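Next come two complexes built around chain A: one with chain B, the other with chain C.
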Partner chain A sequence: MDIERQLERALERKPPSPEFAARVLAAAQMQSRRRGVWSNWRQWIAAPLAASLLLLALGIEQRKERQEGEAAKAQLLQALALTSGKLEKIQELVREVQR
Partner chain B sequence: MRILYLKMSAATTVARPVVNIADRTIDFEAVIRGHQSMVFSLAVHFLRDRAVAEDLAQEVFLELYRNMDSIQSHQHMVYWLRKVTSRRCIDQARRTKVRAHVSFEEAAEPFIWTQGEDPALKRYVEQLLGKLGETARMIVILRYQEGLDPMEIAGMLDMPLATVKSHLQRSLASMRKRVGEATGEAIDDNQQDSQHGH
Partner chain C sequence: MICNWIRAALLSSALLVPVFGQSVHLESLDRLKAKASGNVTISLDASLLQLASRFLSDDDADQRDIRKLVAGLKRISVRNFQFDRDGDYSIGDVDAIRNQLRDPGWSKLVEVRNRRDDNADVYLRQDGKNVSGAVVIVAEPRELTVVSFEGLIDMDGIAKLAGKFGIPDSVRIKVERRGK
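Let's look at the complex of A and B:
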(Lines of atoms letter the chains of each structure in order from A and count residues from 1; the text may use other names and numbers.)
(Lines give C-alpha, C1' and ligand atoms only; values in the text may rest on other atoms or scores of the structure.)
Protein backbone atom coordinates (compact mmCIF):
# COMPACT_ATOMS: atom_id res chain seq x y z
CA MET A 1 0.00 0.00 0.00
CA ASP A 2 1.59 3.24 -1.13
CA ILE A 3 0.24 5.63 1.47
CA GLU A 4 1.92 8.61 -0.17
CA ARG A 5 0.08 8.00 -3.44
CA GLN A 6 -3.17 7.59 -1.56
CA LEU A 7 -2.54 10.88 0.23
CA GLU A 8 -1.82 12.65 -3.04
CA ARG A 9 -5.14 11.34 -4.39
CA ALA A 10 -7.07 12.27 -1.29
CA LEU A 11 -5.49 15.72 -1.24
CA GLU A 12 -6.07 16.70 -4.85
CA ARG A 13 -7.08 20.34 -5.17
CA LYS A 14 -10.81 20.99 -5.22
CA PRO A 15 -12.55 24.06 -6.57
CA PRO A 16 -14.75 26.12 -4.24
CA SER A 17 -18.36 26.84 -5.15
CA PRO A 18 -18.81 28.61 -8.52
CA GLU A 19 -19.91 31.87 -6.87
CA PHE A 20 -16.89 32.01 -4.55
CA ALA A 21 -14.81 34.46 -6.63
CA ALA A 22 -17.77 36.80 -7.12
CA ARG A 23 -18.49 36.76 -3.41
CA VAL A 24 -14.89 37.56 -2.47
CA LEU A 25 -14.79 40.29 -5.10
CA ALA A 26 -17.98 41.85 -3.73
CA ALA A 27 -16.53 41.77 -0.22
CA ALA A 28 -13.31 43.39 -1.50
CA GLN A 29 -15.35 46.09 -3.24
CA MET A 30 -17.26 46.72 -0.04
CA GLN A 31 -13.95 46.97 1.79
CA SER A 32 -12.76 49.54 -0.78
CA ARG A 33 -16.01 51.48 -0.44
CA ARG A 34 -15.70 51.53 3.35
CA ARG A 35 -12.12 52.66 2.99
CA GLY A 36 -13.26 55.35 0.52
CA VAL A 37 -16.02 56.59 2.82
CA TRP A 38 -13.60 56.71 5.72
CA SER A 39 -11.11 58.58 3.57
CA ASN A 40 -13.80 61.10 2.46
CA TRP A 41 -15.02 61.50 6.01
CA ARG A 42 -11.50 62.30 7.10
CA GLN A 43 -11.21 64.84 4.29
CA TRP A 44 -14.44 66.50 5.37
CA ILE A 45 -13.20 66.72 8.94
CA ALA A 46 -9.62 67.65 8.08
CA ALA A 47 -10.40 70.70 5.90
CA PRO A 48 -12.52 72.65 8.42
CA LEU A 49 -10.19 71.63 11.20
CA ALA A 50 -7.19 73.00 9.31
CA ALA A 51 -9.10 76.24 8.52
CA SER A 52 -10.09 76.64 12.17
CA LEU A 53 -6.52 76.14 13.30
CA LEU A 54 -5.33 78.71 10.74
CA LEU A 55 -7.88 81.28 11.93
CA LEU A 56 -6.96 80.61 15.52
CA ALA A 57 -3.27 81.12 14.74
CA LEU A 58 -4.06 84.36 12.88
CA GLY A 59 -6.19 85.58 15.79
CA ILE A 60 -3.43 84.87 18.27
CA GLU A 61 -0.92 86.67 16.06
CA GLN A 62 -3.18 89.73 15.67
CA ARG A 63 -3.81 89.89 19.40
CA LYS A 64 -0.09 89.68 20.07
CA GLU A 65 0.57 92.50 17.58
CA ARG A 66 -2.19 94.65 19.13
CA GLN A 67 -0.74 94.13 22.62
CA GLU A 68 2.74 95.06 21.36
CA GLY A 69 1.32 98.17 19.66
CA GLU A 70 -0.49 99.23 22.80
CA ALA A 71 2.69 98.76 24.85
CA ALA A 72 4.67 100.84 22.34
CA LYS A 73 1.98 103.56 22.41
CA ALA A 74 2.12 103.65 26.23
CA GLN A 75 5.90 103.92 26.16
CA LEU A 76 5.67 106.74 23.59
CA LEU A 77 3.12 108.65 25.71
CA GLN A 78 5.33 108.19 28.76
CA ALA A 79 8.34 109.46 26.82
CA LEU A 80 6.35 112.46 25.57
CA ALA A 81 5.18 113.23 29.11
CA LEU A 82 8.77 113.13 30.36
CA THR A 83 9.96 115.32 27.48
CA SER A 84 7.12 117.76 28.08
CA GLY A 85 8.02 118.00 31.82
CA LYS A 86 11.66 118.68 31.00
CA LEU A 87 10.73 121.33 28.44
CA GLU A 88 8.59 123.13 31.01
CA LYS A 89 11.51 123.14 33.46
CA ILE A 90 13.82 124.57 30.78
CA GLN A 91 11.26 127.25 29.93
CA GLU A 92 11.04 128.22 33.59
CA LEU A 93 14.83 128.47 33.81
CA VAL A 94 14.91 130.62 30.66
CA ARG A 95 12.22 132.88 32.10
CA GLU A 96 14.14 133.31 35.39
CA VAL A 97 17.33 134.21 33.48
CA GLN A 98 15.45 136.79 31.40
CA ARG A 99 14.11 138.44 34.55
CA MET B 1 3.30 47.18 -5.12
CA ARG B 2 0.16 49.00 -4.22
CA ILE B 3 -3.55 48.71 -4.46
CA LEU B 4 -5.05 50.80 -7.21
CA TYR B 5 -8.63 51.71 -7.80
CA LEU B 6 -10.13 52.15 -11.23
CA LYS B 7 -12.07 55.32 -11.92
CA MET B 8 -15.59 55.08 -10.62
CA SER B 9 -18.15 55.08 -13.38
CA ALA B 10 -20.99 56.37 -11.24
CA ALA B 11 -21.33 57.87 -7.81
CA THR B 12 -23.02 54.79 -6.42
CA THR B 13 -20.78 52.10 -7.91
CA VAL B 14 -17.38 50.98 -6.83
CA ALA B 15 -14.86 50.00 -9.49
CA ARG B 16 -13.53 46.46 -9.77
CA PRO B 17 -10.50 46.22 -7.51
CA VAL B 18 -7.19 45.86 -9.25
CA VAL B 19 -3.76 45.24 -7.84
CA ASN B 20 -0.32 46.02 -9.07
CA ILE B 21 2.18 43.17 -8.97
CA ALA B 22 5.71 43.79 -10.18
CA ASP B 23 4.56 46.86 -12.15
CA ARG B 24 1.73 44.94 -13.82
CA THR B 25 -1.84 45.91 -13.09
CA ILE B 26 -3.93 42.81 -12.54
CA ASP B 27 -7.63 42.45 -11.94
CA PHE B 28 -8.08 41.17 -8.39
CA GLU B 29 -10.67 38.73 -9.73
CA ALA B 30 -7.89 37.08 -11.76
CA VAL B 31 -5.84 36.74 -8.58
CA ILE B 32 -8.78 35.06 -6.82
CA ARG B 33 -9.56 32.74 -9.73
CA GLY B 34 -5.92 31.81 -10.12
CA HIS B 35 -5.45 30.75 -6.50
CA GLN B 36 -8.90 29.91 -5.14
CA SER B 37 -8.46 26.15 -5.56
CA MET B 38 -5.17 26.17 -3.66
CA VAL B 39 -6.47 28.26 -0.77
CA PHE B 40 -9.85 26.53 -0.57
CA SER B 41 -8.31 23.04 -0.81
CA LEU B 42 -5.85 23.75 2.00
CA ALA B 43 -8.77 24.88 4.14
CA VAL B 44 -11.24 22.16 3.21
CA HIS B 45 -8.72 19.34 3.56
CA PHE B 46 -7.75 20.68 6.95
CA LEU B 47 -11.18 21.66 8.32
CA ARG B 48 -13.28 19.08 6.42
CA ASP B 49 -16.19 21.49 6.19
CA ARG B 50 -16.88 23.23 2.87
CA ALA B 51 -18.80 26.18 4.30
CA VAL B 52 -16.23 26.95 6.99
CA ALA B 53 -13.42 26.44 4.47
CA GLU B 54 -15.00 28.90 2.01
CA ASP B 55 -15.42 31.50 4.75
CA LEU B 56 -11.79 31.07 5.77
CA ALA B 57 -10.61 31.24 2.15
CA GLN B 58 -12.60 34.46 1.67
CA GLU B 59 -10.95 35.99 4.75
CA VAL B 60 -7.53 35.01 3.39
CA PHE B 61 -8.20 36.77 0.05
CA LEU B 62 -9.53 39.87 1.80
CA GLU B 63 -6.42 39.95 3.96
CA LEU B 64 -4.34 39.64 0.80
CA TYR B 65 -6.27 42.55 -0.71
CA ARG B 66 -5.51 44.70 2.34
CA ASN B 67 -1.84 43.71 2.32
CA MET B 68 -1.04 43.94 -1.38
CA ASP B 69 1.50 46.66 -0.60
CA SER B 70 3.78 44.04 0.95
CA ILE B 71 3.63 41.55 -1.95
CA GLN B 72 6.70 41.73 -4.17
CA SER B 73 6.11 39.08 -6.83
CA HIS B 74 3.78 36.33 -7.94
CA GLN B 75 5.90 33.70 -6.14
CA HIS B 76 5.76 35.78 -2.99
CA MET B 77 1.98 35.96 -3.28
CA VAL B 78 1.70 32.15 -3.52
CA TYR B 79 3.98 31.76 -0.50
CA TRP B 80 1.97 34.39 1.40
CA LEU B 81 -1.36 32.70 0.58
CA ARG B 82 -0.12 29.28 1.71
CA LYS B 83 1.36 30.67 4.89
CA VAL B 84 -1.65 32.75 5.90
CA THR B 85 -4.10 29.97 5.02
CA SER B 86 -2.10 27.42 7.04
CA ARG B 87 -1.94 29.66 10.07
CA ARG B 88 -5.59 30.63 9.90
CA CYS B 89 -6.61 26.97 9.57
CA ILE B 90 -4.57 25.94 12.61
CA ASP B 91 -5.91 28.90 14.63
CA GLN B 92 -9.47 28.17 13.58
CA ALA B 93 -9.19 24.51 14.55
CA ARG B 94 -7.68 25.35 17.91
CA ARG B 95 -10.25 28.06 18.58
CA THR B 96 -13.36 26.15 17.67
CA LYS B 97 -12.14 22.67 18.45
CA VAL B 98 -13.46 21.51 15.10
CA ARG B 99 -11.62 18.28 15.46
CA ALA B 100 -12.68 16.26 18.47
CA HIS B 101 -9.48 14.58 19.49
CA VAL B 102 -9.72 10.90 18.68
CA SER B 103 -6.67 8.72 18.50
CA PHE B 104 -6.09 6.32 15.65
CA GLU B 105 -6.85 3.45 17.98
CA GLU B 106 -10.21 5.01 18.87
CA ALA B 107 -11.17 5.84 15.31
CA ALA B 108 -14.14 3.88 14.07
CA GLU B 109 -13.59 1.07 11.65
CA PRO B 110 -13.88 2.69 8.29
CA PHE B 111 -15.15 0.54 5.46
CA ILE B 112 -15.30 -2.91 4.01
CA TRP B 113 -12.30 -3.07 1.80
CA THR B 114 -12.62 -4.61 -1.61
CA GLN B 115 -9.85 -4.59 -4.14
CA GLY B 116 -10.03 -1.58 -6.41
CA GLU B 117 -12.54 0.28 -4.28
CA ASP B 118 -10.60 3.47 -4.57
CA PRO B 119 -13.21 6.06 -3.48
CA ALA B 120 -13.73 4.24 -0.20
CA LEU B 121 -10.01 4.13 0.47
CA LYS B 122 -9.72 7.78 -0.44
CA ARG B 123 -12.46 8.64 2.05
CA TYR B 124 -10.75 6.55 4.70
CA VAL B 125 -7.43 8.32 4.13
CA GLU B 126 -9.26 11.65 4.44
CA GLN B 127 -10.85 10.42 7.65
CA LEU B 128 -7.48 9.38 9.07
CA LEU B 129 -6.01 12.72 8.10
CA GLY B 130 -8.74 14.42 10.12
CA LYS B 131 -7.62 12.51 13.19
CA LEU B 132 -4.12 13.97 13.11
CA GLY B 133 -3.17 16.87 15.37
CA GLU B 134 -3.42 20.37 13.87
CA THR B 135 0.27 20.83 13.12
CA ALA B 136 0.83 17.31 11.81
CA ARG B 137 -2.28 17.55 9.61
CA MET B 138 -1.18 20.82 8.06
CA ILE B 139 2.32 19.44 7.44
CA VAL B 140 0.87 16.40 5.63
CA ILE B 141 -1.47 18.61 3.58
CA LEU B 142 1.31 21.00 2.57
CA ARG B 143 3.49 18.00 1.66
CA TYR B 144 0.94 16.02 -0.37
CA GLN B 145 -1.47 18.67 -1.65
CA GLU B 146 1.06 21.37 -2.47
CA GLY B 147 4.09 19.14 -2.98
CA LEU B 148 6.28 21.24 -0.69
CA ASP B 149 9.44 19.69 0.69
CA PRO B 150 10.03 19.59 4.46
CA MET B 151 12.44 22.54 4.30
CA GLU B 152 9.78 24.74 2.66
CA ILE B 153 7.16 23.58 5.17
CA ALA B 154 9.48 24.34 8.07
CA GLY B 155 9.99 27.88 6.77
CA MET B 156 6.26 28.35 6.18
CA LEU B 157 5.20 27.16 9.62
CA ASP B 158 8.20 28.67 11.44
CA MET B 159 9.35 25.41 12.97
CA PRO B 160 12.57 23.38 12.94
CA LEU B 161 13.15 21.07 9.98
CA ALA B 162 13.61 18.10 12.33
CA THR B 163 10.16 18.69 13.82
CA VAL B 164 8.56 18.74 10.38
CA LYS B 165 10.32 15.50 9.40
CA SER B 166 9.35 13.89 12.66
CA HIS B 167 5.67 14.85 12.24
CA LEU B 168 5.70 13.52 8.68
CA GLN B 169 7.29 10.21 9.65
CA ARG B 170 4.96 9.60 12.56
CA SER B 171 1.85 10.61 10.62
CA LEU B 172 2.72 8.42 7.65
CA ALA B 173 3.59 5.46 9.85
CA SER B 174 0.28 5.69 11.72
CA MET B 175 -1.76 6.12 8.58
CA ARG B 176 0.08 3.34 6.78
CA LYS B 177 -0.58 1.02 9.70
CA ARG B 178 -4.29 1.85 9.82
CA VAL B 179 -4.75 1.58 6.07
CA GLY B 180 -2.76 -1.66 6.06
CA GLU B 181 -5.01 -3.08 8.74
CA ALA B 182 -8.14 -2.01 6.90
CA THR B 183 -7.06 -3.39 3.57
CA GLY B 184 -5.40 -6.46 5.02
CA GLU B 185 -2.11 -5.58 3.41
CA ALA B 186 1.15 -6.20 5.19
CA ILE B 187 3.15 -3.15 6.14
CA ASP B 188 6.19 -2.88 4.00
CA ASP B 189 9.06 -1.74 6.23
CA ASN B 190 11.26 -0.98 3.23
CA GLN B 191 8.61 1.34 1.88
CA GLN B 192 8.41 3.09 5.24
CA ASP B 193 12.16 3.63 5.33
CA SER B 194 12.25 5.00 1.81
CA GLN B 195 9.80 7.73 2.77
CA HIS B 196 11.85 9.09 5.63
CA GLY B 197 13.89 11.07 3.19
CA HIS B 198 10.98 13.43 2.32
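Let's look at the complex of A and C:
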Protein backbone atom coordinates (compact mmCIF):
# COMPACT_ATOMS: atom_id res chain seq x y z
CA MET A 1 0.00 0.00 0.00
CA ASP A 2 2.72 2.32 0.94
CA ILE A 3 4.41 1.74 -2.37
CA GLU A 4 1.21 2.47 -4.28
CA ARG A 5 0.79 5.80 -2.53
CA GLN A 6 4.37 6.69 -3.19
CA LEU A 7 3.91 5.91 -6.87
CA GLU A 8 0.72 7.94 -7.13
CA ARG A 9 2.42 10.89 -5.51
CA ALA A 10 5.41 10.56 -7.79
CA LEU A 11 3.31 10.34 -10.93
CA GLU A 12 0.67 12.91 -10.10
CA ARG A 13 0.56 16.00 -12.35
CA LYS A 14 2.41 18.99 -10.98
CA PRO A 15 2.59 22.47 -12.51
CA PRO A 16 6.11 23.59 -13.51
CA SER A 17 7.96 25.96 -11.26
CA PRO A 18 7.48 29.67 -12.13
CA GLU A 19 11.12 30.02 -13.38
CA PHE A 20 10.89 27.01 -15.72
CA ALA A 21 9.74 28.98 -18.80
CA ALA A 22 12.33 31.67 -18.18
CA ARG A 23 15.10 29.06 -17.82
CA VAL A 24 14.08 27.36 -21.09
CA LEU A 25 13.97 30.67 -22.98
CA ALA A 26 17.33 31.73 -21.58
CA ALA A 27 18.91 28.43 -22.60
CA ALA A 28 17.44 28.71 -26.10
CA GLN A 29 18.72 32.26 -26.51
CA MET A 30 22.19 31.23 -25.37
CA GLN A 31 22.26 28.41 -27.91
CA SER A 32 21.05 30.70 -30.67
CA ARG A 33 23.70 33.29 -29.79
CA ARG A 34 26.44 30.66 -29.92
CA ARG A 35 25.20 29.45 -33.29
CA GLY A 36 25.05 33.04 -34.59
CA VAL A 37 28.64 33.76 -33.61
CA TRP A 38 29.80 30.55 -35.33
CA SER A 39 27.74 31.27 -38.43
CA ASN A 40 29.08 34.88 -38.73
CA TRP A 41 32.65 33.67 -38.27
CA ARG A 42 32.25 31.27 -41.18
CA GLN A 43 30.75 34.01 -43.34
CA TRP A 44 33.58 36.39 -42.52
CA ILE A 45 36.11 33.78 -43.55
CA ALA A 46 34.24 32.36 -46.56
CA ALA A 47 33.47 35.63 -48.33
CA PRO A 48 37.06 36.98 -48.54
CA LEU A 49 38.35 33.49 -49.27
CA ALA A 50 35.97 33.16 -52.23
CA ALA A 51 36.88 36.67 -53.41
CA SER A 52 40.60 35.89 -53.11
CA LEU A 53 40.19 32.65 -55.05
CA LEU A 54 38.25 34.49 -57.74
CA LEU A 55 40.91 37.20 -57.99
CA LEU A 56 43.62 34.55 -58.10
CA ALA A 57 41.84 32.69 -60.91
CA LEU A 58 41.34 35.95 -62.83
CA GLY A 59 44.98 36.87 -62.29
CA ILE A 60 46.18 33.49 -63.56
CA GLU A 61 43.89 33.76 -66.59
CA GLN A 62 45.09 37.31 -67.37
CA ARG A 63 48.72 36.27 -66.99
CA LYS A 64 48.19 33.30 -69.29
CA GLU A 65 46.46 35.52 -71.86
CA ARG A 66 49.26 38.09 -71.61
CA GLN A 67 51.92 35.41 -72.15
CA GLU A 68 50.03 34.02 -75.16
CA GLY A 69 49.46 37.52 -76.52
CA GLU A 70 53.11 38.51 -76.16
CA ALA A 71 54.20 35.23 -77.79
CA ALA A 72 51.76 35.79 -80.68
CA LYS A 73 52.97 39.39 -81.06
CA ALA A 74 56.60 38.23 -81.14
CA GLN A 75 55.72 35.67 -83.82
CA LEU A 76 53.81 38.26 -85.84
CA LEU A 77 56.71 40.71 -85.74
CA GLN A 78 59.16 37.92 -86.62
CA ALA A 79 56.96 36.88 -89.57
CA LEU A 80 56.78 40.47 -90.85
CA ALA A 81 60.50 41.04 -90.33
CA LEU A 82 61.31 37.84 -92.22
CA THR A 83 58.90 38.82 -95.00
CA SER A 84 60.46 42.26 -95.15
CA GLY A 85 63.96 40.80 -95.41
CA LYS A 86 62.91 38.46 -98.19
CA LEU A 87 61.14 41.24 -100.09
CA GLU A 88 64.34 43.24 -99.89
CA LYS A 89 66.15 40.21 -101.29
CA ILE A 90 63.62 40.05 -104.15
CA GLN A 91 64.18 43.75 -104.78
CA GLU A 92 67.93 43.11 -105.06
CA LEU A 93 67.37 40.19 -107.42
CA VAL A 94 65.04 42.27 -109.61
CA ARG A 95 67.66 45.04 -109.76
CA GLU A 96 70.37 42.52 -110.73
CA VAL A 97 68.23 41.11 -113.51
CA GLN A 98 67.38 44.57 -114.81
CA ARG A 99 71.07 45.60 -115.04
CA MET B 1 21.67 18.47 -82.93
CA ILE B 2 25.28 17.53 -83.74
CA CYS B 3 24.26 16.86 -87.35
CA ASN B 4 22.82 20.37 -87.54
CA TRP B 5 26.06 21.83 -86.24
CA ILE B 6 28.11 19.84 -88.75
CA ARG B 7 25.74 20.87 -91.53
CA ALA B 8 25.98 24.53 -90.48
CA ALA B 9 29.79 24.32 -90.32
CA LEU B 10 29.99 22.71 -93.75
CA LEU B 11 27.62 25.27 -95.21
CA SER B 12 29.52 28.20 -93.73
CA SER B 13 32.87 26.84 -94.90
CA ALA B 14 31.39 26.27 -98.36
CA LEU B 15 30.24 29.88 -98.40
CA LEU B 16 33.69 31.08 -97.34
CA VAL B 17 35.54 29.22 -100.09
CA PRO B 18 34.49 31.51 -102.93
CA VAL B 19 35.47 34.54 -100.88
CA PHE B 20 38.87 33.46 -99.62
CA GLY B 21 39.64 30.51 -101.91
CA GLN B 22 41.52 27.50 -100.69
CA SER B 23 44.28 27.78 -98.15
CA VAL B 24 47.87 27.34 -99.22
CA HIS B 25 49.33 24.45 -97.28
CA LEU B 26 52.97 24.73 -96.29
CA GLU B 27 53.02 21.59 -94.14
CA SER B 28 54.66 19.54 -96.90
CA LEU B 29 57.82 21.56 -96.22
CA ASP B 30 57.99 20.57 -92.57
CA ARG B 31 59.92 17.40 -93.33
CA LEU B 32 62.85 19.64 -94.35
CA LYS B 33 63.40 20.41 -90.66
CA ALA B 34 65.30 17.14 -90.37
CA LYS B 35 67.89 18.31 -92.94
CA ALA B 36 67.97 21.97 -91.97
CA SER B 37 70.61 23.51 -89.73
CA GLY B 38 68.06 26.10 -88.63
CA ASN B 39 64.40 26.76 -89.21
CA VAL B 40 61.57 29.14 -88.41
CA THR B 41 57.98 27.92 -88.37
CA ILE B 42 55.20 30.41 -87.72
CA SER B 43 51.48 29.71 -88.00
CA LEU B 44 49.15 32.41 -86.78
CA ASP B 45 45.43 31.92 -87.32
CA ALA B 46 42.78 34.64 -87.08
CA SER B 47 42.33 34.32 -83.32
CA LEU B 48 46.09 34.48 -82.63
CA LEU B 49 46.43 37.42 -85.01
CA GLN B 50 43.70 39.27 -83.15
CA LEU B 51 45.30 38.40 -79.83
CA ALA B 52 48.71 39.59 -81.07
CA SER B 53 47.08 42.74 -82.40
CA ARG B 54 45.76 43.59 -78.92
CA PHE B 55 49.31 43.56 -77.60
CA LEU B 56 50.67 45.94 -80.23
CA SER B 57 51.51 49.31 -78.82
CA ASP B 58 49.35 52.34 -79.61
CA ASP B 59 52.34 54.59 -78.94
CA ASP B 60 54.42 53.07 -81.74
CA ALA B 61 53.44 54.25 -85.24
CA ASP B 62 54.82 51.08 -86.87
CA GLN B 63 52.80 48.89 -84.57
CA ARG B 64 49.66 50.92 -85.25
CA ASP B 65 50.21 50.32 -88.99
CA ILE B 66 50.76 46.62 -88.37
CA ARG B 67 47.47 46.47 -86.46
CA LYS B 68 45.65 47.92 -89.48
CA LEU B 69 47.39 45.48 -91.79
CA VAL B 70 46.54 42.52 -89.59
CA ALA B 71 42.89 43.51 -89.09
CA GLY B 72 41.59 41.68 -92.16
CA LEU B 73 44.02 38.76 -92.14
CA LYS B 74 42.86 35.22 -91.46
CA ARG B 75 46.23 33.51 -91.34
CA ILE B 76 49.96 34.08 -91.63
CA SER B 77 52.18 31.06 -92.23
CA VAL B 78 55.95 31.16 -92.47
CA ARG B 79 58.45 28.43 -93.22
CA ASN B 80 62.15 29.30 -93.31
CA PHE B 81 64.91 26.71 -93.50
CA GLN B 82 68.66 27.26 -93.52
CA PHE B 83 70.97 24.51 -94.78
CA ASP B 84 74.69 23.84 -94.40
CA ARG B 85 75.11 22.53 -97.95
CA ASP B 86 73.74 23.28 -101.38
CA GLY B 87 71.13 20.82 -102.58
CA ASP B 88 69.82 19.83 -99.17
CA TYR B 89 66.35 20.57 -100.49
CA SER B 90 65.02 19.91 -103.97
CA ILE B 91 63.14 22.05 -106.44
CA GLY B 92 60.34 19.49 -106.03
CA ASP B 93 59.85 20.76 -102.48
CA VAL B 94 59.26 24.26 -103.85
CA ASP B 95 57.11 23.02 -106.72
CA ALA B 96 54.75 21.40 -104.19
CA ILE B 97 53.90 24.94 -103.09
CA ARG B 98 53.96 26.50 -106.58
CA ASN B 99 51.51 23.84 -107.82
CA GLN B 100 48.96 25.01 -105.26
CA LEU B 101 49.21 28.48 -106.78
CA ARG B 102 48.20 27.40 -110.28
CA ASP B 103 44.59 27.98 -109.35
CA PRO B 104 43.08 30.67 -111.63
CA GLY B 105 42.47 32.89 -108.61
CA TRP B 106 46.22 33.31 -108.19
CA SER B 107 48.45 35.46 -110.34
CA LYS B 108 52.22 35.66 -110.34
CA LEU B 109 53.34 39.18 -109.68
CA VAL B 110 57.10 38.66 -109.59
CA GLU B 111 59.29 35.86 -110.88
CA VAL B 112 63.07 36.01 -110.64
CA ARG B 113 65.48 33.30 -111.80
CA ASN B 114 69.23 33.94 -111.89
CA ARG B 115 72.45 32.02 -112.55
CA ARG B 116 73.23 31.62 -108.86
CA ASP B 117 70.05 29.59 -108.45
CA ASP B 118 68.34 32.32 -106.48
CA ASN B 119 64.67 31.93 -107.30
CA ALA B 120 61.96 34.24 -106.09
CA ASP B 121 58.22 34.45 -106.69
CA VAL B 122 55.46 36.66 -105.41
CA TYR B 123 51.87 35.54 -105.98
CA LEU B 124 48.66 37.40 -105.28
CA ARG B 125 45.09 36.18 -105.10
CA GLN B 126 42.36 38.63 -105.96
CA ASP B 127 38.63 38.42 -105.34
CA GLY B 128 37.19 41.27 -107.35
CA LYS B 129 38.89 44.40 -106.16
CA ASN B 130 40.11 42.79 -102.96
CA VAL B 131 43.44 41.12 -102.51
CA SER B 132 42.68 38.03 -100.46
CA GLY B 133 46.03 36.28 -100.40
CA ALA B 134 49.74 36.72 -100.96
CA VAL B 135 52.56 34.18 -101.10
CA VAL B 136 56.27 34.96 -101.18
CA ILE B 137 58.73 32.21 -102.13
CA VAL B 138 62.47 32.79 -101.98
CA ALA B 139 64.57 29.74 -102.81
CA GLU B 140 68.31 30.26 -102.38
CA PRO B 141 70.92 27.51 -102.56
CA ARG B 142 71.17 27.26 -98.78
CA GLU B 143 67.95 28.86 -97.64
CA LEU B 144 64.30 28.36 -98.46
CA THR B 145 61.59 30.76 -97.33
CA VAL B 146 57.85 30.62 -97.96
CA VAL B 147 55.45 33.16 -96.49
CA SER B 148 51.69 32.99 -96.95
CA PHE B 149 49.16 35.68 -96.02
CA GLU B 150 45.47 34.82 -96.15
CA GLY B 151 42.48 37.07 -95.74
CA LEU B 152 41.71 40.57 -96.82
CA ILE B 153 44.99 42.36 -97.35
CA ASP B 154 44.93 46.09 -96.92
CA MET B 155 47.05 47.26 -99.86
CA ASP B 156 47.15 50.79 -98.48
CA GLY B 157 48.63 49.29 -95.34
CA ILE B 158 51.17 47.31 -97.38
CA ALA B 159 52.05 50.44 -99.33
CA LYS B 160 52.46 52.34 -96.05
CA LEU B 161 54.67 49.62 -94.65
CA ALA B 162 56.72 49.45 -97.84
CA GLY B 163 59.58 51.52 -96.49
CA LYS B 164 59.49 50.09 -93.03
CA PHE B 165 59.25 46.48 -94.05
CA GLY B 166 61.30 46.67 -97.20
CA ILE B 167 58.46 45.86 -99.55
CA PRO B 168 59.95 46.78 -102.89
CA ASP B 169 58.46 49.78 -104.65
CA SER B 170 58.30 47.77 -107.87
CA VAL B 171 56.07 45.21 -106.18
CA ARG B 172 53.95 47.92 -104.62
CA ILE B 173 53.45 49.72 -107.94
CA LYS B 174 52.35 46.52 -109.66
CA VAL B 175 50.03 45.69 -106.80
CA GLU B 176 48.46 49.11 -106.93
CA ARG B 177 48.02 48.91 -110.68
CA ARG B 178 46.36 45.53 -110.42
CA GLY B 179 44.09 46.82 -107.71
CA LYS B 180 42.75 49.56 -109.98
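Just so we're on the same page, the second predicted complex is superposed on the first by the 83 of 99 C-alpha atoms of A that agree within 3 Å, B and C clash if a C-alpha of one lies under 4 Å from a C-alpha of the other, contacts with A are read in each partner's own complex, and residues count from 1 in each chain.
As a working rule, a contact is a pair of C-beta atoms (placed from the backbone, for glycine too) under 8 Å apart; a residue touches a chain by one contact, two chains touch by 3 or more.
Remember, it's a predicted structure, so these values are computed and weren't measured experimentally.
Legend: residue contacts after superposition of the two complexes on their common chain; A:85 is shown touching chain C, with no touch to chain B. Looking at the shared chain after the overlay, A:96 reaches chain C, while chain B stays out of its contact range. When the two complexes are overlaid on their common chain A, residue A:75 makes contact with chain C while staying clear of chain B. Of the two partner chains, chain B is the only one that A:31 touches; chain C does not reach it. Contacts of A:61 after superposition on the shared chain: neither chain B nor chain C is touched.
Residue ranges on chain C touching chain A, taken from their complex, read 40, 42, 44, 48-49, 51-56, 66, 70, 76, 78, 80, 110, 112, 114, 118, 120, 122, 136, 138, 140, 145, 147, 161, 164-171. Those residues of chain A that touch chain B in the complex are listed here as 1-4, 6-17, 20-21, 23-25, 27-33, 36. Those residues of chain A that touch chain C in the shared complex are 65-66, 68-70, 72-73, 75-91, 93-94, 96-97.
Across the complex, chain B meets chain A through its residues 5, 14-17, 28-29, 32-33, 36-38, 40-41, 44-45, 50, 53-54, 57-58, 61-62, 65-66, 118, 121-122, 125-126, 129, 140-141, 143-145, 172, 175-176, 179-180, 183, 185, 187-188, 191, 195, 198.
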